[in-house]
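First chain written, first letter: the chains are A, B, C, D, E and F, and each begins at residue 1.
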């Protein structure tokens, strides 16, 4: 069940933009960890990409992951 | 999949009001990152703008993003 | 899309009660930022004011906004 | 729209148990702030008190409010 | 409405595992605070224990309560 | 009701990746704590693994648990 691929080496990113991309990646990797079959994930994609309620729920996950990433990076303050 | 446009240069804003606008932008950019087709997004818009449950869920995303922005700005305390 | 009205000058309030009122205002302003037509908002109001699931979801947004306001005010500790 | 009754004088409580009761009160007061008619609230009550999904959603609001109360009280550490 | 039973003496636990059990207890006590009739709660139980969406929502409540408990215990760091 | 198995010895992990795996485990253990019958859990699995709304909700739980784990590990900063 545990993914053998190492995809999260660090929470530190160079910029807020990269932190945002990491947050999106984290959200996606959670889906893959639960639904491990890539073929099924592919078939499921239209379900949520065209359903605003699910798009909003996905945005909520990204917002939550980004809180963690932003805090880890001390909000990219110099 | 990753957006090439750099839209998040910094989490720092001059005022709480601008922080609020950034939080709304962050919420919107998450939707665009998942549903990348602007034509489809346009068609989906009435779905959520007239559905109070989805408006409330969107407000939840904004509230979560704003937590991050407000914390990054130390709540705009002088 | 961005509201031109400045409604969020500060997160600082005199009392917890006023902080609560600000949190409610923040939640409401998010709705207005997405559904910008006041006439439509008025028509939508009965949808959520009589639906307990939506009342609860609205309370969740207020609770989240209040976390930010309370933290900004250091929980109104003297 | 704003309640004139002052119900939130302080976030400080003597014990975690009292903090829990405050969190429940905060959740309830949010509902009252949106649905201001006590008669309608009374009629709505069976809707959520017998619907587990809504009971769980209410618990989520209480958990979120309690995070704020617990933090304000420094987790009641001596 | 307020429970007279004192069930939350402290947020401090000896171990993360006990913290987890406290978080589950907190989530359950919220349900009891809203639906105060134990007979009705008993009848409602199959509704959510066999509905994955509600099981997931319950897990969300536990995760949120555990954030509070873990923070109160400084993550059980020595 | 309380699990006798000790599965959460510590929140500390060596790497962010291991922290992520712990967050997923925490989310799963919550489900088991509520639906204690492994046979029923097995039967329920297809319900959520093929329903994008539930996959997204599960990701939200993981994101929330990971906030706690990441904070406990001070974001794995050296």
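Everything that follows uses one rule, which is that a residue touches a chain if its C-beta (ideal position, glycine included) is under 8 Å from a C-beta of that chain, and two chains touch if they have at least 3 such contacts.
For clarity, every value in this text was computed on a predicted model and none was experimentally measured.
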Exercise for review: Report same or different for the chain A and chain F interface, where same means the shared residue numbers exceed half of all residue numbers found there.
Suggested key: different
Review point. Of the other chains, whose C-alpha centre is the longest way from the centre of chain B?
Key: E
**Study point:** Relative to chain D, chain with the most remote C-alpha centre
**Key:** A
Practice item. Report, in whole Å, the distance between the mean C-alpha point of chain D and the mean C-alpha point of chain F. Key: 27
Study note, to complete from the structure: Between the Cα centroids of chain B and chain E the separation in whole angstrom comes to 31
Review point. Could you state the distance in Å from the CA-based centre of chain B to that of chain C?
Key: 16
Check your understanding: Do you know which chain A residues sit against two or more other chains?
Key -> 48, 53, 57-58, 60, 64, 67, 71
Revision key, fill the gap. Listed round the ring from chain A, going first to chain F, the chains are A, F, E, D, C, B
Exercise for review: Under the touch definition given earlier, write down the residues of chain F that touch chain E in their complex.
Suggested key: 2, 6-12, 26-27, 29-31, 33-35, 40, 44, 47-48, 51, 53-54, 57-58, 60-61, 64-65, 67-68, 71-72
**Study point:** Residues of chain F defined as touching chain A within the complex
**Key:** 15-17, 19-21, 24, 48-50, 52-53, 55-60, 62-64, 66-67, 70-71, 75-77
